[in-house]
Structure formats: structure tokens, C-alpha cells
Amino acid sequence: MIPLYIAQLGIILAVFGLLLVAAAIMVYSERKVAAIIQQRYGPYLVGPRGMLQPIADVIKLIFKETLRPKGADRVLFMLAPLISATAAFTAFAVVPFGAETDLFGLLEQPISLQVADVNVAVLVLFAITSVSVYGIVLAGWSSNSKYSLLGALRSASQMISYELSYGLTLASVLIVANSLSLTKIVNAQQGTWFGWMPAWFVFVQPLGFVIFMIAGVAETNRAPFDFPEAEQELVAGYHTEYSSTPFMMFFLAEYINMVTTAAVATDLFLGGWHGPWLPEYLGWIWFVAKMGAILFFYIWMRWTLPRLRYDQLMAFGWKVMLPLAALNLLVTAAGVIYFGY
Amino acid sequence: MLRFIPLLPFVGFLINWSLGRRLSRAAAGRVACLAMAGAFAVSAWSVWQLLQLPPEARGIRDLVMPWVESGALSIPLEFRLDPLGAVMILVVSGIGFLIHVYSTAYMHDERPSEFARYFSYLNLFAAFMLVLVLGANFPVMFVGWEGVGLCSYLLIGFWFTKKSASDAGKKAFIVNRIGDFGFLLGMFFVWSQFGTFDFQGVARAAGQLPPEAAFGVLSLATLLLFVGATGKSAQIPLYVWLPDAMEGPTPVSALIHAATMVTAGVYMIGRNAVLFGHAPETLGIVAGIGVATALMAGTIGLVQNDIKRVLAYSTVSQLGLMFVAMGVGAFAAGIFHLYTHAFFKALLFLGSGAVIHALHGEQDIRKMGGLRKELPITYWTFLIGSLAIAGVPLLSGFFSKDEILWKAFSGGHTTVWAVSAVASLLTAIYMFRLVFLTFHGSRANADANHDHAVAPDDHGAKAGHGAAGGGGHLHDAPPAMATALILLAIGSVLAGYVGVPAVIGGSNRIEQFLEPSFAVPGVEAAAGHAEAVAHDGEAVAAHAAGGEAAQVHGDEGAAAGADHGMELKLMAFSSGLAVAGIAIAALFFLAWRRVTDRIASAFSLVHRLLLNKYYVDEIYGFVIVRPIHWISERVLWKVVDAGLIDGTVNGAGASIAGWSDVLRRLQTGSVRAYALSIFVGVVVILGYYVWR
Amino acid sequence: MVPLGHYLILSAILFATGTLGVFLRRNVITMLLSIEVMLNAVNLAFIAFGRTIGSADGQVIMFFVVTVAAAEAAVGLALVIALFRHRETLNPDTFTSLKW
Amino acid sequence: MATDLLLFYLFGGVAVLASLLVVLRRNPMHSVLLLIVSFAALAALYITLGSPFAAVIQIIIYAGAIMVLFLFVVMLLNAHKEDEDLAAAPKGAAGPLRAGALLGVVLAVELVWALVKAGGTRDGALAAGASPDVTALGDVRELGRLLFTDYAFAFEVTSILIIVAMVGAVVLAKREI
């Protein structure tokens, strides 16, 4: 019998490790997918089919020299990547990725596969994403360089702009699920409608789903919204001046954010770990599958779509996304009142 | 219906005043005359309506609207027509109309705009005068009262480019204001006594009271009203403005300063007959002032050389006679005289106007003479007028004046009677002096006249006319003037026959007609009389009970026959006076001119005294005007205005500026300072609650 | 549980700190920040009270305060930008002219 | 309990320290970040006060929105350390400075004293009268209900205020509208 807190600790560690692994996998798969899309091989030397490539990258980065530009703010320059990484990891803390389980009787009481089940989980998530902007902004400002500053400014404004529609879609989902806790939201999507159609919120909130995805892309500074690090315009954006470990942290943070966003999307719209055929305790497979699909979609999008222009981005965010999100929220509220969920 | 009587002239005023400068002379004149004709027609019609009613209930009221309503005070804008009013409106609108017609010719030399201005004023005057006589209560009457004052000011100063004219206007206005002040006080006093402004109401209330033996509230009220009357009607001590008013155009003098406005005072007393009747003290004063004025003006008139001034003084003295009538309680007689006087005095003024017109502005009778041939119409009409005013039997003046004298005598005021007789003798003398000097004899230095004529005044056409005039042939009054003159002449002959005394087979109709206006309304006259007699046999008191009652008393007496012969004797005597006056005038001013001059030089002191009108103007100037000037300049201007008022105002400004300089320091645009002030407040308040 | 007084004293200290900032700093932005500090002190007091009397009103009021703070920050910063454009400085003591 | 008090002192201390530094640092950028720290500390305190919603709001709006705005401006104006434009400061500005600082201290003293005076009686009463069921406070539904019933009017007014502020900010900051 393993006491509860040990189990909790275990989960925490597991989540941490899994996130790292996920990041690695993401790096590899991204390169591969990109290669496939561009009709090349991609990494194939390190390990079988170059599967160990990410590890090689990590080692390379670690052994690089840590540079700090002259006139950079010492403290902040170092603080920035930490903030990003921390925020990224923390965000996942409130995301449940599996049904409650007692690990086949190993525990005296079942625990949910989740680090912290806060009853305002969604808001916490939101809060953390909103904080994660600081990492980028500080990085840009502290490294005392035009490109960085511009990148920082861009990312700041971009994130703030898209947070609004992001939050509004969250709100509409909350209304439908009638709860703030992610676990409850997921459980609300159990079962099917009309016997064949999975009761996922994506079918209730199609528009919300689309908006959420787009906003998520913007939040994670992915193409086609990757302005903070638009190679062609600002050498590498906010992390131009970074190298070695700090750079790695940003790198990590970006991929983990992707994972987190995908996970959240899964929980909110795709019914989390609920799915047919598989037993409860294997629900996490469904979860991973759905997440994988979304992530693939991300990569796919990145390598197919060109980058917008900055003003287009802003205009789109404020003049299309926000109104649509607000409309969606209103319609949802009205519907909920009308059908009396 | 009554409201249209004043309204029509007012409309005429509005037209001429607003778009007069665009109208031609003919148009403007026609508008004005039509307005007056309309007024006269309406008046005649209303009077006809009035006559249909039974004598006791004769009265038409027309409530236009409630005017002032506040608590106990209620002043409706109301017109009332009663016998007295009837006589007045007929005189005002009728003679007014004739004078309008006359003016169209007389003012023909004016520029069109001036012409229109003149007629607009004239119409306005008529409107106000009619309001005055029709007003059913004091305030409405007062509106008219002030209005006519204004118009007389405007018209006296019509040729305002002439200093003397504008001065005369101001003088008239100011003197009138003094009188109006008295009138206002009287009004308020009446209100405070009787709680009403309505004439009938006042009369009823006063009717209840016994006539005052001693000087009391009624006497005070009536006295104050009488002050107003002296102002309007040019009695001692406020008569000084009238002679100067002759600066105005002659028709104006005829209409305002002879026929209508100046009689307002008399009318006002008649209107409040009952009130005055109950204040014998005041009546006494009125009689005294009246007779004094009559005599004084007569004497002055004797020596004046300006044709219009002579007429002006005769007006004053005639008004004096009217006040005598009022004073002895013979209200009807007073109004009767007012009515006849309106005719012949208007006639005389217009006649003089014709003469002046013919002589291109010459007004000095010493430069006239022998106009009889050149101006026949003027001469004859003027002669008729003079005979009438002199009181030659069978002309209107005779009846009315004789009535007054008889009433004075029979009322027991022998002294009053005597002085009035002298006054009327003087009237005859100076009038015929005027006639003889103007129309008879030979034209004294005719060529001297127009350089003199052109010199003094620069009004419109004189210059042009003067050239044509020369010493040669003078043309008589143009048709418009002539008609007016003739009509008025007829009037002044016949007007008297409405009041032929009973003695000579007439039945004094006008007196019976007017009777109800002087009795307590509603209360039957005889009763009032009886009650009065019951009070005491004293004559004034008997009159006091209401003049008409006294009148009836007098007639009864006549019927008794005791003083019937007396009345006849007196009548003969006064006509004798008239003839005598004419004779004297003939002697001194036709036959022995030199003797006259010698007498004048012999009694040069008296002569100069009279010539300078007893130096009254100078006295006033010294006693009143000079001190006022001094005070205004030394005290009011230098000290009060420049020192006090300006000082206060400037001081206020300066102090504000100074304080702003101080306060501006607080307005440092520094955010921190403001925050500091806020926090001081916070800390203090919090501190208070902590330490408490 | 922690007695109310502690929270109140803490909030008082924070508030005073904020006022200090408003007066000591020569930088408009920092002054605005100090004002935020003061607002937060107030929020703390509200929530502490709400907790003590066991009602949610404290949080609601805090919510309103936050909203107002947001508005204030937006306008304030806009002003700062406008002023900086004219004067090339953020020192509040240089913005003393009452009319432009 | 001890842990409670411990947490209080910990986060309270952080908050005070951070705030003091916010005031004392010369570099606005640092001030902003320190302010965020103090916000975080306060948020933690809110959680200990059983108001997680308030805490989250604190982070989302204050840290996530308002402070980003500040950062933004700081970066935009590239606000230098204020020592540089100390020279530009006109004379006589020192008066308010000192007086204000003094007042701040006085204010603190007053407040504390007031609390101490009242503390003995009130605090006990409040603590006693309090039935602190944290769940009730944490319940977001309850908040929502309050917000849209008792405080509906205030809510609407604030929304108007926000719009006005938005327009005003745009008008002020835009070079030419």
C-alpha cells in the first residue's frame, strides 16, 4: 500500500518527466513532419531514424557558452527564461489527463491523474498563461537589443489581444459545463448523444473550438502567429541574445506550452480521456491520441501557412476573433438558459 | 366697444411710427386723420348708446382684462363711459380730429419723415388722452395721465434742434413729474383709505363718510390729487411750463395745451366730485388757487407781446376759472366751461397759427397789424373766438363763464366771485388787445418782420417761405386750416346752447346730463342732498354733499325767486364787464397807442414786473433749480457717484484681483502639491477620529 | 486563523508605503505604481473583512476596485505617453503648466 | 493555527518588502516587476483568506493585464532611470516631497494606532462572530449572484466606466485621431 502523498509526489514527478519527454518528441516530430512536408529526410543519423536527435540537441545546447550582452540587466536577463519555463510547467499542473484510478488497488483511495485539482482550475490556467507573457517581455527588454525589444513588444501585445478571445471561449465552455473545475468539465462530456455521437463540447461549441485553437496558436507564438521570433524580420525575436541553457529553456517552454494548450483543448472540447471501447483505466490513451492529433495539426499548420502581417494579426484579433467570441458567449448563455442544461 | 376709442388712434400711431418714414406726407396725414375720425365716430356712437339709457343708469363699462391681481389689490384694465366721460371724449376726439386736419396743412413744410413723426405723436396723445378720460379706476387713468405728459414733452420738443424748444419740453416734463408725484401719493392714499381704486367704489365709500369739518384724511388725499391737477392744468405754483410750451407747433398748443390735456386736472376733480365734495378744506384751497391763477395769468397776459404766449396765459387763467368752479362745488359748471373753452381756445390758437403761418413764423404782435384785409377768414374766426372767450352774451363762453360766476356768488364766495369777475374783465381786455394789435391798425414795419422771422428759429420751411413772403401779399389760411377754423367758430358760437341757464328760459340741459357723474353712484342724488342739508346749512357743506345736489338746491332757490333777479343782475353785470373790457382795449390799443406807451413807461416798474411774469421763473430758478444743480454737482456727482459708487465698484474689482493674486499661488500645477493637500485632509480627519 | 487585526495592520503599512511612493518618486509611472499599491492595500482590507464576517461582499468590492484600477491605469498611462511626447521627460514636477 | 500565521507572515513580509522596493527602486522596470511580486504575495494571502477567486482575479487582471500595460509603456518610452532627469526637476518641488513622505509615515502611525485602539474589542468580536466557511466564500456562483443582483447597478456603471476609459485612452495616446 502506497500512502497518498507518495502517490501525489509520484504523479508530480511523472508529469514533469512526461512533459520533458513530450517536448522531446515534439521537437523530433516537428522536424520529421517538416521534412516530410518539404520532401526531405529530416534527422536520420542519431539513433534509429534519428530518434535520439532531440537528446543530441539538448547536450549540444548545454555545452554551449552562456552569453550575456553588454548593458543587459543581469538579474532579469537570467530571470526571464526561468519565468517562461516555470509558467509552462505550472500551467499543466491543473490539467487532468486521466480518470481517477487506484492503480489496480495499489492505493487505498483513488486519485485523479492530475497534479492539483483546484476548483477554479480554468481560471488558474488562464492566470498562468497570462503571467507567462512576462518571460518573453522581460527577455526582450533585459537583453538590451532592438530585435529583442521589438519581439517582446509584439508578443506582449499579441498575447494580451488573444487572451481576450481565449478567455471568452473558456467562459462559454464553463457555461455549458456549469463548472470551473476541469475534471468536472471533462466528466460532463461522458457518454454519447443519440447513442452514436460522442458528447463532446466541440459539437456544442464548434465556433468556440475554432476560436480556441486559433487563440492557442497565437498564445504559443506558433506560426502563422510567430511574430515574437519572426526570423525574417527580427533575427530571432525575443531570444535573439540567448544561448545555451537559457535558450533551451525558452525552447522547452514553447513546446510545453503547445502540449499544455493541446491538453486543455482536449479536456475542454474533445471529452478528455472519455472514448469508446477502452476501459476507464486506459482512458489516458484516448487523451494522448486526441492531444497528438491537435499537436500534429499545429505542426502541419506551421509548415503550410505563411506568416501574416503584424497589423493583420492585430486587426484579426480585435475585429474578428473578439466579436466572434463574444457572440459565441452570448449565444451559448442564451442557449443554456433556453434549453436549461 | 369702448376699447376701440383709444385703440384706433393708437393703431394710427403704430403705423406712422413704424413705417412713417416710408409714407408720403399725404398718406401719413390721411392715416392719422382717419384714425381720429374713427375714434370720433365710435365715441359718438357710444355716447348715443349712452343717451338711450335712463338718466340714473347712464354708464357703459368695458372690461378689457384683469390687469393687476394681487391679494386684496385688484386693478382691472377697465373703461367706463358716463355723462362726464361722454362730454370729454366728444371734445377730445372731435376737436382732436379738427386739429389733425388743420395740422396736415400747417405742418406741410416738414420733411415727410418729420411729418409722420409729428402725426404719430399726435395720435399717441389722442390715444392716451382717451384712456385718461375713459379709465374706470385710478391706475388706468394714471396711465393716460403719464402718457399725455410724455406726448406733450415729445411735441413741445418737436423741433428739438431748437434749444429753447427742447428746454421747454424738459421743463414741461419735469414740472409735470412733480405734479404726478402728488397725484401718485394721492392715489396710494385713496387706496389705503378706501381699499379700492375704482372711481365708483371710491365715490361710494366716500359717500358714506360725513363731509369733514376740519382738515382730515380726505382733505389730505384730495389735496395730493389736486397737486397732480395743478401740474397737469398749469395752476399756481406749477403753471410755469405752459407758456414755454408754446415752443411747440401751434396745433399742438391748440390741442394739448389749450383744449384737452391741460383740462385733465379739472376733469380729474370732476371725476372724483364726491371725494372732493367731502373735503371742503381742499375745495377752499382749490377755489383760492384757481382764482389766484386766473388773476395772475390775466395780468401777465395783458402785457405779453408773443401772440401765442398771450393765448397761453389766457388758457391758464381760464383753467383758473374752471378750478374756481370746482372749488365752489359747481362741478357741472366747471366741466361746461371746459367744454366751451375747448372750442374757442382751440379756435383762437389755430387762428394764431394761421397768422403765424401767413407771416412765416412771426409771433410778435408788435410787428403785426392790419392783417384784417389779408386774412379775412382768420380774422373773422379769430374775432368770434375772442368774443366767445370774452364772454359776450349769446356766445358759448358767456354761458359757461357766467354760470361759474353765478355759482361762486350764490355759493357765498363773494370775494372769489369778485376776483373772478376782474379776471374775466382782464380776459376781455387782453384778448381784444391781441385782436386789435394783430388785425387792426397798420402793419408796423412789415419788412422788419421776416429777417426777424428767419433769424430766431431754423425750423424747416421758414427760410424758403420767408423769401416768398416778403412784405407783399399774404395768402390766407389754406382750405384744410380754413375748414377747421370755420367749424370751430361755429362750435364756439353754438356750444353754449346746451347749457342755457334756467333764468333765461333755458333748461340747463348739460348740468342735468352731467348730474349723475357727480352724485354718489347708485345712491340717488336728492337723498345725498337731504342728508347734507341735514348736516348743516353751511353752503360749502351743502355743495360738499355732491355738487349736483347743491346745484339742485340752487335751482330750487332760484325757483323760489329770491335770487332769481340777482342772477339776472349778475348776468347783465358780467356781460357788461365783457363789453367794458372790449371798449377799454379799443381805447387803449386802437385809439391812443401813445397814451398806452406813456402809461407803460410811467408805471414801468409794474410793467416790467408783468412783462417778466412776476419773475416767477427767476424765483424758481434761484430757489429750486440752483440748489439742485449745486447739490447734484457737489454732492451727488463729486461725492456719491465718483466717490462712493465708483469707489465701491472699482474697489470690488481691485479686491477680487488682489485676492486672486493670493489664491493663484495655491494653483501650482504640480500634481504632488495637490496630492499633498488631499493627504493633509485625510490625515487630519483620520487624526480627529483617532484622538476623539 | 489569523486575527483580522494582522491583515488590517498589513494593509495600513502597504497603504502608507504607497503614499510614500507617490511623494518620493520623481517618475510619473512609479507614482502610478504606488497608487496601485495603495489600491491593493485597500483590497486586502476588504477581503479580510469579508472573510471575518463570512460574506462575499468583500471580494465583490475588490472586484470593482480592480476594474476601476484597470480604467485608471489605462487613462493614466495614456496621459503619461501624451505628456512624454511633449516634454521628453517623466518628471511630474515639470508638468506644472495649467494651460498648454 | 501555526501554519496559517506562518503563511501570513511569509506572504505579508514578501508583500511589504516588495512594495517598499517598488517605491525605493529607481528603475521603473524593476518597480513594475516588484509590484507584480507583491501582487502575487497578496494573491497568496487571498487564498489563505479563502478567496481563491479573488486571488485568481488579482493575477489575471492585475498581473496579467494592468502590469503588462505598465511594462509596455515603460518599454515604449524606454524610461530611463530618473536620476538622469533629476536636473530637469524645478526647485521647490522638494517641499511637497518631504512633507508628503512625513505625512505618509504619520498616516501609517495613525492607522496602526487606530487599529490598536479598536483592536482589543472589535477584532475579538469579529473573530468570534465569524463563521468562516471557506467554501462559501470560494464559491464563484455566490459571487456571480451578488455581482448581478445586489451589485448590478455598480456593475453596469463600471462597464460604462471601462468603455469611457478605453475611448479616453485612445484619444489621449493617439498622435492624430
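Order of writing sets the labels: A, B, C and D. Residues in every chain begin at 1.
The criterion applied here is as follows: contacts are C-beta pairs under 8 Å (C-beta built on N, C-alpha and C of every residue); 3 or more make two chains touch, one makes a residue touch a chain.
Please read these numbers as outputs of a predicted model, since none were measured by experiment.
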*Contact-richer chain pair [C-D vs B-D]*: C-D
*If you average the CA atoms of subunit C and of subunit D, how far apart do the two points sit, in angstrom?*
6
*asked:* Just the number, please: Cα centre separation of subunit A and subunit B in whole Å.
replied: 110
*Between subunit B and subunit D, tell me the centre distance in angstrom, where each centre is the average of that chain's C-alpha atoms.*
90
_Using Cα averages as centroids, what's the distance between subunit A and subunit D in whole Å?_
30
_Quick check on subunit A: which residues sit in contact with 2+ other chains?_
none
_Overlap residues in subunit B, where contacts from two or more other chains coincide_ = 670, 672, 675-676, 679
*asked:* If I count partner chains per residue in subunit D, which residues reach a count of at least 2?
replied: 53, 57, 65, 72, 76, 93, 96-97, 99-100, 103-104, 107, 111
*Touching chain combinations (by label order)*: A-D, B-C, B-D, C-D
_Under the stated contact criterion, what part of subunit D meets subunit B in this complex?_
93, 96-97, 99-100, 103-104, 106-107, 110-111, 113-114, 117
*Residue ranges of subunit B touching subunit C (in the complex, touch as defined)*: 667-672, 675-676, 679
*Taking the complex as given, what residues does subunit B use to touch subunit D?*
670, 672-673, 675-676, 679-680, 682-683, 686-687, 689-690
_Residues of subunit D that touch subunit A when the two form their complex_ = 29, 33, 36, 52-53, 56-57, 59-60, 63-65, 68, 71-72, 75-76, 138, 140
*Contact footprint of subunit D on subunit A as seen in their complex*: 73, 76, 118-120, 123-124, 126-127, 130-131, 133-134, 137-138, 140-141, 149, 152-153, 156-157, 160, 163, 180
